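Shown below is the structure under consideration.
We call the chains A, B, C, D, E and F, going by the order they appear; numbering starts again at 1 in every chain.
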Amino acid sequence: MAEYKKLTQKTLFNSWLNWFFFNGSSQSGERMQGIAFCHSMLPVIEELYKDKEEKIKALKRHLVLFNVEPQIGSVINGVTAAFEEQRANGAEIDDDTINTVKVALMGPLSGIGDTLVPGTLIPILLAIAIGITKSAGILGPVFYALVYPIVIGLSSWYLYKFGYSAGLGGIQDIMQGGKIDALTNALNVLGLLVMGALSASYINLSTAIKYTSGEMAIEFQKILDNIFPGLLSILTVVVVWYLLSVKKKSPLWVMGFLFLATFAGVVLKIF
Amino acid sequence: MFIQIALISLLAYLGAIGAPWILGTTGGFYTLGRPLVASALVGLILGDVKTALEVGILIQAMYIGIITPGAVMPFDVDYIGYITTALIILSKADPSIAPTLAVPVGLLGVTIWNIIWVINVYFAHRADGYAEKGVGSGIKAMNLGAQIVNFAMRFIPAFLILYFGRGFLQNLLNMIPPIITHYLTVLGGILPALGIGILLNMIIKDKSYFGIFILGFMLVKYLNLPIIAIAVMGVVLAIFWFKFQGGESYNG
Amino acid sequence: MFIQIALISLLAYLGAIGAPWILGTTGGFYTLGRPLVASALVGLILGDVKTALEVGILIQAMYIGIITPGAVMPFDVDYIGYITTALIILSKADPSIAPTLAVPVGLLGVTIWNIIWVINVYFAHRADGYAEKGVGSGIKAMNLGAQIVNFAMRFIPAFLILYFGRGFLQNLLNMIPPIITHYLTVLGGILPALGIGILLNMIIKDKSYFGIFILGFMLVKYLNLPIIAIAVMGVVLAIFWFKFQGGESYNG
Amino acid sequence: MAEYKKLTQKTLFNSWLNWFFFNGSSQSGERMQGIAFCHSMLPVIEELYKDKEEKIKALKRHLVLFNVEPQIGSVINGVTAAFEEQRANGAEIDDDTINTVKVALMGPLSGIGDTLVPGTLIPILLAIAIGITKSAGILGPVFYALVYPIVIGLSSWYLYKFGYSAGLGGIQDIMQGGKIDALTNALNVLGLLVMGALSASYINLSTAIKYTSGEMAIEFQKILDNIFPGLLSILTVVVVWYLLSVKKKSPLWVMGFLFLATFAGVVLKIF
Amino acid sequence: MAEYKKLTQKTLFNSWLNWFFFNGSSQSGERMQGIAFCHSMLPVIEELYKDKEEKIKALKRHLVLFNVEPQIGSVINGVTAAFEEQRANGAEIDDDTINTVKVALMGPLSGIGDTLVPGTLIPILLAIAIGITKSAGILGPVFYALVYPIVIGLSSWYLYKFGYSAGLGGIQDIMQGGKIDALTNALNVLGLLVMGALSASYINLSTAIKYTSGEMAIEFQKILDNIFPGLLSILTVVVVWYLLSVKKKSPLWVMGFLFLATFAGVVLKIF
Amino acid sequence: MFIQIALISLLAYLGAIGAPWILGTTGGFYTLGRPLVASALVGLILGDVKTALEVGILIQAMYIGIITPGAVMPFDVDYIGYITTALIILSKADPSIAPTLAVPVGLLGVTIWNIIWVINVYFAHRADGYAEKGVGSGIKAMNLGAQIVNFAMRFIPAFLILYFGRGFLQNLLNMIPPIITHYLTVLGGILPALGIGILLNMIIKDKSYFGIFILGFMLVKYLNLPIIAIAVMGVVLAIFWFKFQGGESYNG
């Protein structure tokens, strides 16, 4: 039997580097990060497949639509490298399997990734950085520009390697038994709490409606503040969410709606 | 001034979504592209760090929670960071107009991004051709090549706006009727709800979890807790959420 | 003045427990019978809405959580609402005495209610007779007929108190020794505990749930949260309580 | 076989209307809302039982003791209407079954109903209304007088209809499997939290005990506030609860006790 | 068969008294509370074992190493008394069994005891007492000196008796089924929450690092306060915990470390 | 003065860890040994309760959460209570130096305790002898006998320090270079972390529970809740923690 072809550490690192730098480079409406994913797989493919036919098949396999939160999502690249290694060594893994795994992981990792990284970690670091800026000027942005890339860079590489090992060991074990669901739920709890807090701080909407009769002027906003401070902000979020999830409108449609609704509100002196 | 403006426009490209050169998305869009970082750089280039940071704090706070799931961008924080700050310093305008100015600038950035996103389809098709022939280096070239478009679409508009706009900003702002200014301000306060709503739509499968969102909201509105305190509580809560759902032994 | 007082007394009947005419218990006891609503109506009738609402806010706040489980009534908020407000306006007394005045008025209402509750047994027995003969309309008549008692027992005392009492209130209050005033005030602060205690007795089967009650108490005393914030938190808590006990799949 | 007699929508609505308006009309110490319940069943009985004997049995069946939080409790009237319909169509349902179901539902629905409606919803709406009154005068009571009856009126009719359908489908399904317990517990959690908050706001008791020795005056209440603000209020609730639940005293007895204890406290200058 | 020898109430009380008063009397690095435990068993042994050999064995049995939070730990003395009674009446309980039970109970009862008594109850009572002292002088210490010994004295005797009954009934029942774990976890939750609060109030560490450049002075502590107030305090706790649990250092070693680290920090003007 | 100092030194013994005479550990170390109680007694003996309590509040607050698991003592609160208070009153020093003075005094007490802990091994070995002979009274004697050591080691140093130290304290404090004073102050703020850390090490088996500790920390730092409120919340939390883990029926 032929010797087992093991990917070198250097190949893995190059594969990760390609991804880390160029994951967003050629994003498009058709393939999203598809070319970038293939680019990340190049070192792996070059090392594993000497046969031209096999190589072409591999390249085509990874040029399909792909999209994930790229920083945390490097775990998929690792998993895929492991699958390719096994395939090149004769395991019965066809194109479909590899693509199924990629697609299955894309969804949760985009959700978790977007929630945790731009949705939670970045706002927290920026909030700290703003605080520092207020008391110590330029140290604030310096703090952010050092801490964020280091933390995320290391995590991304760690996750790539973790994905590679997990892929060899069978990622099914990790994803089954409700563990991945429990983990997703738990991380969503964190993300939702922080996003609620962000909404409270950064969404601003108040009504300008006033009722004046003789000497007495009633500001409607004051009444709302009495009922629930920030009520209009949270209602706005609920409306957006409703349009997207129940009415199945596209984000662009909703943006247009917000433009018009706000305009109407301003003209009618509601806002 | 030409050189400074060129430098700022270059940075506006390097911090744009997709630009790979400074540690990829991580060092680019998510670091250079943040208004706080952008304003500091603009301040250093134009020699007025103090005003720049004043602007930076204002606009960073407004767009602190921006998320672009599935490439949907409610406003372009990178353009907002560089162009707003630079325009204000160059035209010696008052930092307090930054949030209003940020709205049209952010929307311009979004439009550009959406155009790029369509143009890039071209590179995908050419990459298919290289794959057909087994030329790996061609695929790499296509991935990198898309940056020519990105550079052109980011650098040129930024440069033009700054170079020609700096003189007119004050006049321009004076020309705009107050209702439009008011409209832009209200819009700036509403738009963050779009990003949040998109994310909610993505992660909430069970409506009861919306309760957690409301808790976070109330912790700020009623108890005035800072975001960091809430995040730490969230981590603790998440750990036990996982523990009690994950079927682990409780005494582990 | 006769007509106004008659009108107020009529409302005191319409808002009494059991009075069916204005959307039953819902529109009657639970709407017309609330001191805030009552005071507004009294104010409109007597032409002094401002004073009326001042009184209304004071006494509504005191008796905001009144519950009458199993027909047990710690004090009659309907009588309190109409009679206290009317007496104060008619005798031009200071609104600040409302809480003290409310105590005896509320207890008078309770006494009346307990008497009605016994008298009504008569209608039950007559209804039995109609049932025996299969006369449905007779049962209906008995159910409605009880309102004659209710009207008499509510309208007349209210009218008498207001008609003859308005002149004497000030003197009356001056005659009462301060210790009694103090007693009534203390009593007014204590009595709400009766309603709460009755409810606790009814719904707490497992003593540990008393802890939730204490949490609610502390959220007000220590963090000064308004009732609405606590209610929203309670809804969120209840949803997850149900979720994690109801044996649903957690990811639903 | 005879045709199935189905109750018309109009009959159901009249039955509900009778209840909604007249549920409290003839309350008494002996039957509580018994006559009112029978009154609510009249349209149902008239439509279903043409036979005089059957009608008399039905009337007597519903004149017995009945008591529930009437607004939410309309669900029982709906369930009972469904049972009567099935009985009139020949199902083997005797008087006992119907009464057992009524009694079984009375307890939990009184508990939940009193907790949620006068115990939670009304205080919240009133708190909002008080807030509005402070800033906008009479709009406060107007707000309450509109919102409360509409919300509760619609709910009450909805629950009647729900009870009717559930009764036809077998309410056992709903009540089994611990779901109803979990629901009751969850709603109680909400109610208890709000009632704790209400107690903190609206029960007031403080001690007047003072200790003066020479220049120094110690107010006992200040010490208590230091230990736990509102301690006496919460103790009063606990005493009331203890007398009712452990000592099995009647509410009237406890009221008398509070009168005397307060009087003693005032005379002895404790309060 | 011989009559069953039951320990009298008086013997049990004397045994408890010996423990309650003298539990810490001869603590040493070798036996900890070993002599005191034996002292506590004296009345029991004298009553049960008339045979000299048996008595000697019993005395030696209880002179071995023993250590527990002594106030709550009296439950073990009660359990042991019950075991001795059963042994004296012929049950097959050897030295090993008794010692195993003692050792098995020592650990959790020290943990729970130290957490709940000096870790939770005492600080709470002292916090109240400090509050009283501020407004009412010497009444504060008087309050503490009355309440604490009474509460704990009664609890200790109650626990002794509880241990005696439980020991007769078979303490296994209590300790099995995860109940004891759930109880320990729950009590630890209480203790940890209070200790977190204590740490926030009573550990104080702030940095003196300043950065002055021209007109601007940046105090590093202010930046930290912005990030997370009390960050250095909590880090100190984490360091101590890490040294003890991961690095397995002795408490004395850690104390020495803190002395030196603090000194270095002071000299380097970090603190 | 001799008698008063002797009395204080006697109390310093009676409140020391291990002293059995006043209701054992409970009435001794955990009552007489608490700085608040100690300071009150010192104040009564020396006739200046007011100053004594000022000192007592200060040092009690610092060492409120001291725990000595497994006989490990981070500082000796008993010595701190008696000696610090007495020294300050006797030398008419300012109460504000108490926290600093408390550090060396507390460490002296620790050293004494560690010595006692070794000496007492002697009694254990003699007790073995008595056990061998079946002499129960001998074991009792050994348990009590150890108190001779405790008395000597506690009373004598306390007496000497107070008798000879009272005159020098002010001079002594003046002699100490400010950096040492600062060092002692910082150390006093850090040392409570030792006791807490030891306890954490003992009870935390599952690292996630550290989250509860942080919650308690934040409730004080961010919401300023008093310890008692947190304890009540902790009890409520613990009850449900037990309920939901203990496998009880939920409706119990």
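Everything below uses one rule, namely that contacts are C-beta pairs under 8 Å (C-beta built on N, C-alpha and C of every residue); 3 or more make two chains touch, one makes a residue touch a chain.
Since the structure is predicted, the reported quantities are computational estimates derived from the model, not experimental observations.
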item: Fewest touching-chain hops separating chain B from chain D; value: 2
item: Touching chain B and also chain C, the following chains; value: A, F
item: More contacts between chains, E-F or A-C; value: E-F
item: Over-half contact-pair match to D-F, picked out of the listed pairs A-B, E-F or A-C; value: A-C
item: Separation of chain C from chain E, taking each centre as the mean of its C-alpha atoms, in whole Å; value: 53
item: Centroid spacing, where centroids are CA-atom means, of chain B and chain F in whole angstrom; value: 56
item: Centroid spacing, where centroids are CA-atom means, of chain A and chain E in whole angstrom; value: 48
item: Multi-partner residues of chain E (each touching 2 or more other chains); value: 128, 134, 137, 178, 181-182, 185, 227
item: Residue numbers of chain F (touch at least two other chains); value: 212, 214-215, 218, 222-223, 225-226, 228-229, 232-233, 235, 239, 244-245, 250-251
item: Chain pairs that touch, as defined at the top of this document; value: A-B, A-C, A-D, A-E, B-C, B-E, B-F, C-D, C-F, D-E, D-F, E-F
item: Interface residues, chain D side, partner chain F - complex; value: 178, 181-182, 185, 227-228
item: Residue numbers on chain B that touch chain F, as the complex places them; value: 223, 225-226, 229, 232-233, 235-236, 239-240, 243-244, 250-252
item: Of all residues in chain B, those that touch chain C in their complex; value: 205-206, 208, 211-212, 214-215, 218, 222-223, 244-245
item: Touch list for chain D against partner chain C, complex; value: 18, 20-32, 34-36, 38-39, 42, 45-46, 52, 55-56, 59-60, 63, 67, 70-71, 110-111, 114-115, 117-120, 122-124, 126-130, 133-134, 137-138, 140-142, 144-145, 148-149, 152-153, 156, 177-179, 181-183, 185-205, 229-230, 233-234, 236-237, 239-241, 243-245, 251-252, 254-255, 258-259, 262-263, 265-267, 271
item: Of chain C, residues touching chain A in the complex; value: 228-229, 232, 250-251
